[in-house]
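Got a structure for you, written out below as structure tokens; questions coming shortly.
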Amino acid sequence: MTVPAPRVSTTQFDTNELVINMGPQHPSTHGVLRVVLRLDGERVLDADCVIGYIHRGVEKLCENRDWTHIVLLTDRMDYVAAATNNLGYVEAVEKLMQIEVPRRARYLRTVLAELQRIASHCLWLGTHAMDIGAMTVLLYAFRERELVLDLFEEFCGARLTYNSMRVGGLPLDVPPGWDRKVRSFCDLMEGKLDDYETLLTNNRIWLKRTRDVGVISAEEAIGLGLCGPPLRGSGVSRDLRKDEPNAAYEEFDFDIPLGTRGDTYDRYLIRMEEFRQSIRIVRQALDGLPEGPIMGKVPRLLKPPAGETYHAIESPKGELGYFLVSDGKSTNPYRFRVRPPSFCNLQGLKRLVRGHLVADVVALIGTIDIVLGEVDR
Amino acid sequence: MTDDTKPGADAPGEAGGAVSEPAAGPAPDPPAAADAAPPKAAPPKPEPAAAARPKSEPAPPAKPAAAEAARQAPTAASAKPAAPEKPAKPAAAAKPAAAAKPRPKPKPKPPPEPPKGPPDPPPPEGMESPAAVAAVQEALPDAIEALSYWVGDWTLIVRRERLLDVLELLKTHEAAAFDYCSDVTATDWPPRERRFDLIYCLYSTRLRHRVRVKVRVGEDDAVESVTGLWPAANWLEREVFDQFGVNIVNHPDRRRILMPDEWQGHPQRKDYPLEGPGELLMENPQDWLRVRNLPDEAGTDREPGPDTEIE
Amino acid sequence: MLDTVVIPLLKIAVLVNAVLVAVTFLVLMERKVIAWAQSRLGPMRVGPYGILQAIADPIKLILKEDITPVKADRHVFTLAPIMSLVPALVVFAVVPFGPDPLYYIGDINVGLLFIISVTSIGVYGIILGGWASNSKYPLLASLRASAQLISYEIAVTMTLVSVILTTGTLSLVGIVEAQQESGIWFAFIQPVALVLIFIGGLAETNRAPFDLPEAETELTGGFHTEYSGMRFALFFLAEYANMIVISAIVVLMFFGGWLRPFPNIAFLGFLDLLPAWIWFVGKVFLFLYVFIWIRATLPRYRYDQLMSLGWKVLIPVAIGNLVVTGVFKVVF
Amino acid sequence: MAEALLFYTLAALILGLGVMVVSARSAVHSVLFLVVNFLLVAVLYVTLNAEFVAVIQVLVYAGGIVVLYLFVVMLVNLKKAPERFSDPRRLARSGLLLGGVVLALIVVVVSSSLRAGMASEGTLSGFGTPFTSGNTEQLGWVLYTSYLIPFELASMLLLVAMIGAIVLAKRHLGD
Amino acid sequence: MLEITPLHYSLLSAALFMIGVIGVLVRRNVIIIFMSIELILNAVNINLVALSDQLQDLAGQVFVVFVIAVAAAEAAVGLGIIIAFYRNKETVNIDEIQIMRW
């Protein structure tokens, strides 16, 4: 690996600079991210992210799969938010084929996507807190995530990679009584959120570790292509659920929390608020859940007309975009491209960590909430 | 704006869904569109060209495809003689026949599909292009090769030489204000002369609309990096360089990103073997050695695809 | 001969073994307490309620392969864990478990100073362990650890001085006796000192929220990243033995050591039915519980915040406390 | 008997470690030997009924100063470059020579003073402050009365040294 | 021989002193030279404590305390200088430390 260091110390330890490898086997790089840090004492002078350790060529794979089969592969990208990945993909294909999705399916998709957001944020909260040393929050957050996984399991039989959506609708309707369970989960989750906040929000050490760490201005965040909570943390109101509503989001009432300082603490608060907004959306969707079919009119063999489209949705991590090209002849996409939010957010890490201490690097990796399966694809 | 195209895709009649946010999007539309009315005449010109392209293309592709098939065949053939010596390594036991058997299989591979180009359908007659597109049409009419509209997405197809001008205009123009670079990616259409489509997905956080800019580049054409306009393009362009080998120049940090630095070839190209170079190379250890000894390309020189290397 | 050699040797043998066994059960206690705090069960497989885990853990560590990295400085690498454990055990020489000479190995007149000076040797184990591993993360961690230990030692020592001012003796037995005479635990006389020493003790034993030298999420395990097997076990023992030491000091100095609560109130005399050493050990474990509780609750400080807390808060407050104590001593 | 055994063991170890400090190739090993040396010297002090000094020796020397040395050695890692003796033989010879001269001088002085009667027996005279084994209190008393001014001067010196060290080691003032 | 007199301590002290002196003269590493100086100071301290015990006079121990204080000061400043020097010259070899300013 070439490190862009003008003066990498040749000695083992130098009073001036130290180059250390954080990862790919490091407990808090959330997988196999490798960050090459150039340090002055403990202060980070420069960071270089090395990714691709679990690159599986998902895009290339998808170009050789049936349009229907790809749903399965999208599960494997952001594997902690598989339903959202499914949703983005099937909607992109629906857009390409101009398929209308029944209202009930759109409602259920919204419920699934929001439950997925809660699960994904739970994982983020747990690992982020763990990185900063609050190990109990990890266990608490995972405990609640289990409940979401149970709900998904009841819906589609899988706990991690759901394969839970189909082009044109959903593979199956929710089991009877499921909505009641979701409701009681929502009630429970609200109480648990208060627990988390008791442990963290006003904790002085937590404040010290996150306030004014990794501050980024709105202009810079936009320029760096940050998306999702990192972008909103800087006060940019951009949530695709509002801006380009997909599924059934335009029918629900919810708020987009915005940060003011653009630091790690703001990003933390935003995600905590997103938990609550997600619960709110889920409740509205369940209240208004219409009866009706769950599959639209879809040909048995998917063969979209030749053309291309880009469709983006708001995943828990940010803008998840699918760029699909169909040649109109084969049953595979000619080009399948994912715009992974983690990938684009990770790009900002270099900017965020500069000038901070080693301990902040792990806090910042946590705050941008990456999943390496999605970064590397 | 993109919003009003949305209904076509998903929920007809709910175009106004984005009301919760400043409705700046649709507002500036009519005047700008009115401005754009005169240059509206321009699109028809590129249209025929765009339409002609896909038609003219089917012919040449057949050749390379055939050539490729021919190329594949010798590989398999050359591998066969090597086979008798090889069995010692993988399966020391009495499986030379079995080992040889799977090899013929790749030969009757389905014949390569007829190659195609992107349709890039022009906007329907009488449709007004949005203000941002109109602005470019007005300011840089010569830069635009074609204009495309499909399922609600506008695509500007621009000349490679004028790419930066167009993008800069799109970023700075009042009616465009594309300050956010969502995605940079590419598509490979091997038989075509300029085989790569380089696609920039832009978004405006202020006006909340999207546009795609597409540029067609050949294998050796240099494309200016857009990192100066959007730092976000840094990694995205690196990925395009890594996966397609598009010659992006003036990039601050042009290295491979997903593949290892010493990787040969560009996996997302259509002529890259699906199973990766590994198995092909394994057939003949000599090839493996040859590839090993190639100069390290490590983000400096582009290498032709590995298939040509092996031959 | 019997009194000067055999008995002390016997006592040492008993004490060292007791401490080591206590450490193994302390580890179990930590795992259990944290598990309960996190709504888990903790170890449950080995023995009833996982009690035998305390034995299984050390056996596992002893049987594990003991790896020495190729580029490590072999001798120092082996020496470091020993240098870390020995001071932690030596300290117990002056810790009195009860009023009777039977309960302590030695009561020297500079007992407290002895503890401070011996614990200050413990830092060598950490520095050398980090250095000898010849690896970057351990090196960073060991530099952190030594800076942290030295800084907090100042605060703790300063605070101890103010306690010494109140007692007038450096002997640990003397300190407890002074509490008996005054009829009140020093926790109520020197509350500020108690807080300072407790915080400083957390920092000196590298416990959360000051566990930076071994912050696994930052430095992949800290100074003992490269250690395994028995040598790692020694570091482990040292850390927990140090926890016990700090708890013991806090109990001796502020909570009346082996004394029952309200030692001079007669009608609570039935509390004396429990032997003195049980009171002492019970109090020590109470504090160990607090250590663990804190670990389960708080996030971790950052290195610079830790240092500024030490230098800008603890040390000035310790000096202030010392001055106030001195003034009181002179005035009253 | 036991006392003599203890002394000889300690003396041998102290001297041996002293030699190791001076001759070790790696600076870190040097520091390690120095620590052990100081600890043994502290034990020697205990045998001389100077418990407080022994504790101070451990606390300040072994626990403080030598840690500082270790720190510096690690900062300016010298592992890579083995030390170059510019002219080893000449220097060693002159060192040995000088050392020998110093030793001879000391032996002469010591033996002559012993012959003068100092070694004969017990205390020399009544001046000074006689002390018993547990002398910490007395030492403190003496320090804060008879030696108050030197004590204050020493603390002044330490303060100055502290400021000086910070100024020297800080890279950029106002950083 | 079996009776330990101040002479024994003085000889020990002298020997340690000599080792320190040799270290100062022979080694070229500034840090080790500093350590040798610490050895010399310790040699002196042994003498002081031994004679203090012998004479039943606390003055010796008081002086040891002062010597330790001075040693601490010396170490702090000396090592500060070494660090500052190393940062500029990347060496701690005393033969290369020969100019007063740079």
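Brief remarks on what is shown
Going in written order, the chains are labelled A, B, C, D and E, and every chain counts its residues from 1.
The working rule: a residue touches a chain if its C-beta (ideal position, glycine included) is under 8 Å from a C-beta of that chain, and two chains touch if they have at least 3 such contacts.
Note that this is a predicted model, so its numbers are computed, not measured.
Number of steps on the shortest path from chain B to chain C, with steps defined by chain touch: 2. When chain centres are defined as mean Cα coordinates, B lies farthest from chain E.
Taking the mean of C-alpha positions as each chain's centre, the chain lying farthest from the centre of chain D is B.
When the interfaces C-D and A-B are ranked by how many C-beta pairs touch across them, A-B comes first. Of all the chains shown, the one with its CA centroid nearest the global CA centroid is A. Between the Cα centres of chain A and chain B there is a gap of 25 Å. Each chain gets a centre from the mean of its Cα atoms; for chain B and chain D, those two points are 75 Å apart.
Chain A and chain C have Cα centroids separated by 43 Å. Averaged C-alpha coordinates put the centre of chain A at 62 Å from the centre of chain D.
Contact of a single residue of chain A with at least two other chains is seen at positions 12-13, 15. Counting only residues that touch two or more partner chains, chain C has 139. Touching two or more other chains at once are residues 52, 56, 64, 71, 74-76 of chain D. Residues 34, 37-40, 134, 136-137, 139-140, 144, 208-209, 211-212, 215-220, 295-305 of chain C are the ones touching chain A in the complex.
On the side of chain D, the complex with chain E involves touching residues 1, 3-4, 7, 11, 14-15, 18-19, 21-22, 27, 30-31, 34, 37-38, 41, 44-45, 48-50, 52-53, 56-57, 60-61, 64-66, 68-69, 71-73, 75-76, 78, 83-86, 88, 91-92, 94-96, 98-100, 102-103, 106-107, 110-111, 114, 118-119, 123-124, 127-131, 135, 138-139, 142-143, 146-147, 150-151, 154-155, 157-158, 160-162, 164-169, 171.
If you check the complex, the residues on chain D that touch chain C are 26, 28-29, 32, 35, 39, 51-52, 55-56, 58-59, 62-64, 67, 70-71, 74, 134, 136.
Chain A makes touch with chain C in their complex at residues 12-13, 18, 20, 26-28, 42, 129-136, 139-140, 143, 199-200, 203, 205-206, 208-209, 357-362.
Within the complex, the chain E residues that touch chain D are 1-29, 31-32, 34-36, 38-39, 42, 45-46, 49-50, 52-59, 61-62, 64-66, 68-77, 79-84, 86-87, 92-93, 95.
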